[in-house]
Amino acid sequence: MQLEQMYQEIILDHYRKPHRHGLREPFDAESFQVNPTCGDEVTLRVRLTGTDTDAVVDDVSYSGQGCSISQASVSVLTDLVVGKPLREALTTEAAFSELMHGRGKIEPDEDVLEDGVAFAGVAKYPMRVKCALLGWMAFKDAVSRVVVEAS
Amino acid sequence: MTVEPPRTSTPLDVAAIRADFPILGRTIRDGQRLVYLDSGATSQRPRQVLDAERSFLEHSNAAVHRGAHQLAEEATDAYEGARERIARFVGVDADEVVFTKNATEGVNLVAYAMSNAATSGAEAERFRLGPGDEVVVTEMEHHANLVPWQQLCERTGATLRWFGVTDEGRLDLSDVDGVITERTKLVAFTHQSNVLGTVNPTEQIVSRAHQVGALVVLDACQSVPHKPVDFKALGVDFAVFSGHKMLGPSGVGVLYGRRELLAAMPPFISGGSMIELVHMERSTFAAPPQRFEAGVPMTSQAVGLGAAVDYLTAIGMDRIAEHEHQLTEVALRELSAIDGVRIIGPTNTEHRGGTVSFVIDGVHPHDAGQVLDDKGVEVRVGHHCAWPLHRRMGIPATVRASFYLYNELDEVKALVDAVREAQRFFGVA
Amino acid sequence: MTVEPPRTSTPLDVAAIRADFPILGRTIRDGQRLVYLDSGATSQRPRQVLDAERSFLEHSNAAVHRGAHQLAEEATDAYEGARERIARFVGVDADEVVFTKNATEGVNLVAYAMSNAATSGAEAERFRLGPGDEVVVTEMEHHANLVPWQQLCERTGATLRWFGVTDEGRLDLSDVDGVITERTKLVAFTHQSNVLGTVNPTEQIVSRAHQVGALVVLDACQSVPHKPVDFKALGVDFAVFSGHKMLGPSGVGVLYGRRELLAAMPPFISGGSMIELVHMERSTFAAPPQRFEAGVPMTSQAVGLGAAVDYLTAIGMDRIAEHEHQLTEVALRELSAIDGVRIIGPTNTEHRGGTVSFVIDGVHPHDAGQVLDDKGVEVRVGHHCAWPLHRRMGIPATVRASFYLYNELDEVKALVDAVREAQRFFGVA
Amino acid sequence: MQLEQMYQEIILDHYRKPHRHGLREPFDAESFQVNPTCGDEVTLRVRLTGTDTDAVVDDVSYSGQGCSISQASVSVLTDLVVGKPLREALTTEAAFSELMHGRGKIEPDEDVLEDGVAFAGVAKYPMRVKCALLGWMAFKDAVSRVVVEAS
């Protein structure tokens, strides 16, 4: 049974007890993302400190509704990026996105992705990849809004 | 699980029917038997339909209505012959049947013809819309029968109104006369909901609409494939359905329009084969149905749909409806009996087709669908292109099982078992 | 008749190619060998395309982009994989390729998006048209690339202008700057005429159009099937072509649009699968290409077109072009040599494709076609959906022979013989 | 060879030397018909005398362009209807139309259709039936216009 490969315990844990859940103030930008095929939604806020190359992700808060994959993924995201330099967070985002588009053929780097490696099994299910990426798209979009506004 | 003996007709020989569908022999994931319960999205195709299309392509393929050689003659005969049989299948005449790429195009065709009426001659008068005019839909529409009307209203300044849906998943017709009024120019509604399974009372809506002179568009995507439907008897002005939901090819749908309406209606998509005279400055247009079939059409697909209609007719739409009725009855009973499972839509089989949507407490539909898929049970999860309806029912998404003539009772059992498995897997049972 | 040795590439193994096309084995009328010279209207399909479609339907058929089960996953992969290969075939990216039912729908899509821009947001600004604005076409357009622009002008109040055609059947570009002006918002023209065979100079037209900020729509229906075409290299903004003219299924066509244009363009046909969010009051729309693919699409047909592109690529578009060039050269020479036969269009093969139209003094094209058909030679007769062009050339109709990769030199000979027979039959030779 | 069946000598004779060709005055109604697939056209005028049940077809004149079938057919038409009571002319029209839609399976009545029987072979070619009927459609249409105007 391949189900266990997809629904790793880590994912189910994050789904049941999501980290940093809820929308918080203050924040620099917010992004709303929706998966039009299934209706999953996430609203995500980022708070950055510092500027340009010194920028650090101070907080990520979110709310939404969706399947275990989309909800767990955004919870893992906050673990991976909060407190990290923005540049590092974006590298992590790229690595996660690459993993998800790899059709299960990419070996994830646990040093970079930590709990995110649990999503390696999801990459084998192309119709679920969008679920796993929903929160990450919101993060990328929100960050780009901060940067645009700042410039 | 027990089946009651068939009431009105001899039961289907489902094993024989299944043998006609090559895909039903395949397996899913790690060797699970395919339990295809997603015919509401698209149906599978019997060998007879595949063969009809291939035989056409290997013997008579040519551009229809364009040229006089023997292949063009044979191709045109096959295409127009299919139109005749499809028309008969829904109780109308061949020249009232327009081939479209899908039902969605059919709805858009009427919606655009109505906005095009603004720049057309006097004969198109009755299709004109403007501020103060109203278009009426329902809260249970598929996006295909909602968004085109929203867009029409944006283009013309008309106002969109709608019938609500009750908690039981029925249309709220408590104020028909207040919703459909003298301002109403068009009423568009679904014959059968693709989520709830609800079959809507056409008579009441059609008679009120006609009382105020409004046109009626029926979305018959979920009814025509599953039971006998006669558009003339229903008295609707327009109706749409799709080939791929009724054993036919993708890429072909049907718009029915009452003869005198089609004759007065401005064109939608323009180009070759829909014209009468073309000058650089302006053109005039052919009579229906050609006026609405611009370009080289979905020729082999129409032929395939003709074969699908033959197949369905040979089995009998009454018997198919009866068969689905039985599967639905069992599915509703067995699913309702599971703790934590809630049916979205009518829980009995009255005025209801073979589409059963439900939610499982504590298991998101997407996750439930994954477990079902792992068991070979192919259902659809999400909002099924009926987002406002889901919002109305207070849920983001549902799991939907939809039945067809090739489904067996033990597939309903497989569905029920898989739902219990999903509950176990996510620790909610 | 002699053939020159191929100049740039190894010749096609036409016998082997013909063996792939089941229909070429049939006979016409009383046992005449089929000489199919009507590929300009629609091409025939090789076994490989028929098999690809059938295999998809027997193994992976499901509604694409709608649902998460394994069949939906496989179907979506097949559909999107086809999109990628088709995009590569014409030098563009997959997200710049929109599947339509035919080329005609593609042209209409752009034309309606432009009138819809009137009621869309600021991002659609550049698509808006109104009185004083101009749309430029040519006198040699197929109705598919003429009537939609006439209709757009009627809807918006813009003015239609056009390039004329010379007696030799070339575009009259003597006053490009006078026809395409600051008022021009869009220029639509054909890459290759479906009557004359003329290949138009894209560079001159595209650069003038872009100089004044006009959008360029290329009708590539008669070029993409017959030679290497790269839309990026041509620099056009939009282009359309049809599957059925390039060995693919009917019911599927392609609209290419530059990424940033598609992103800013309002939708055309609306419904399921093209939305982002749907409320009863209003909706927002998905990114391209989904925004322009409402409803269940022509799934197996896209897969079939993908297989057609693979087939053509394996043979090589250069070699196909060279092969047709040779047939055309012989046809032009031999037909011109017949007393009373007049070629309509360029009489040499420079900037010219494999479509040869002609008239026979004293024999109406319809009657000539009948004699040819009696000999098994299937050509098209009439105005070929280019009525204004025929009027310009001072003739009501022509006989048109069009070649493709599966045609042989002795089929050109059969054409020439049949033309002489028509003259004999009607007593004009 | 089936060609001779379609192109009977009678047809070719009418094509080469059409009867009553040209547009004449006076006339009561005119009809323009076109076959959009091939571009064949005919403009046809009728002149009736008498009214209602006594109406007689006094003259039919026409011009047009098209293939031998369409041109010969309108020439034959004039032979069949000019000088005849309108009712009889319309019966002939119906008989000719029935013959053309018969796919070559209807035995034509030579007493009614005279030279028109030569078109029996055309009925086997569905794509040419419209050619043969073009002039007859114009006749029917023109007559209906007279009747409408009179009423």
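Order of writing sets the chain letters: A, B, C and D. Residues in each chain are counted from 1.
Quick note on the criterion: contacts are C-beta pairs under 8 Å (C-beta built on N, C-alpha and C of every residue); 3 or more make two chains touch, one makes a residue touch a chain.
By chain, UniProt protein names: A, D = Nitrogen fixation protein NifU; B, C = Cysteine desulfurase.
What you are looking at is a predicted structure, and each value in this text was computed from that prediction instead of being measured.
Asker: Have a look at A-C versus A-B and report the one with more C-beta pairs in contact.
Answerer: Between A-B and A-C, the larger count of C-beta pairs in contact belongs to A-B.
Asker: Where the centres are mean C-alpha positions, what is the separation of subunit A from subunit B (Cysteine desulfurase), in Å?
Answerer: The mean C-alpha positions of subunit A and subunit B (Cysteine desulfurase) differ by 38 Å.
Asker: Could you put a whole-Å number on the gap between the CA centroids of subunit A and subunit C (Cysteine desulfurase)?
Answerer: 45
Asker: Measuring from the mean C-alpha position of subunit A to the mean C-alpha position of subunit D, what distance in angstrom results?
Answerer: 76
Asker: Per the centroid of Cα atoms for each chain, what is the distance between subunit B (Cysteine desulfurase) and subunit C (Cysteine desulfurase), given in Å?
Answerer: Between these chains, centre-to-centre, one finds 31 Å.
Asker: Where does subunit D touch two or more other chains at once, residue-wise?
Answerer: 37-38, 125, 128
Asker: Would you give the residues of subunit B (Cysteine desulfurase) that are in contact with at least 2 other chains, written as numbers and ranges?
Answerer: Those would be 29, 66-69, 72, 273, 275, 277, 366, 370, 381-382, 387.
Asker: Write out all the pairs of touching chains, ordered by chain label.
Answerer: Going through each pair of chains, those in contact are A-B, A-C, B-C, B-D, C-D.
Asker: Name, in rising order, each residue of subunit D that touches subunit B (Cysteine desulfurase) in their complex.
Answerer: 34, 36-38, 125-128
Asker: In the complex formed with subunit C (Cysteine desulfurase), which residues of subunit D make contact?
Answerer: Within the complex, subunit D contacts subunit C (Cysteine desulfurase) at residues 1-3, 6-7, 12, 37-41, 65-70, 125, 128, 131.
Asker: Within their complex, state which residues of subunit B (Cysteine desulfurase) touch subunit D.
Answerer: Residues in contact with subunit D: 65-69, 72-73, 76-77, 273, 275-277, 286.
Asker: Can you list the subunit B (Cysteine desulfurase) residues touching subunit A in their complex?
Answerer: 29-30, 364-367, 370-371, 374, 381-383, 387, 390, 396-397, 425-426
Asker: Within the complex, which stretch of subunit C (Cysteine desulfurase) touches subunit B (Cysteine desulfurase)?
Answerer: Of all residues in subunit C (Cysteine desulfurase), those touching subunit B (Cysteine desulfurase) are 22-23, 26, 28-29, 34, 36, 38, 41-42, 44-45, 50, 54, 57-59, 61-63, 66-72, 101-105, 107-108, 112, 116, 119, 139, 142-148, 150-151, 154-155, 160, 162, 242, 244, 249-253, 267, 269-275, 277-283, 294-301, 366, 369-370, 372-373, 378-382, 385, 387-388, 391.
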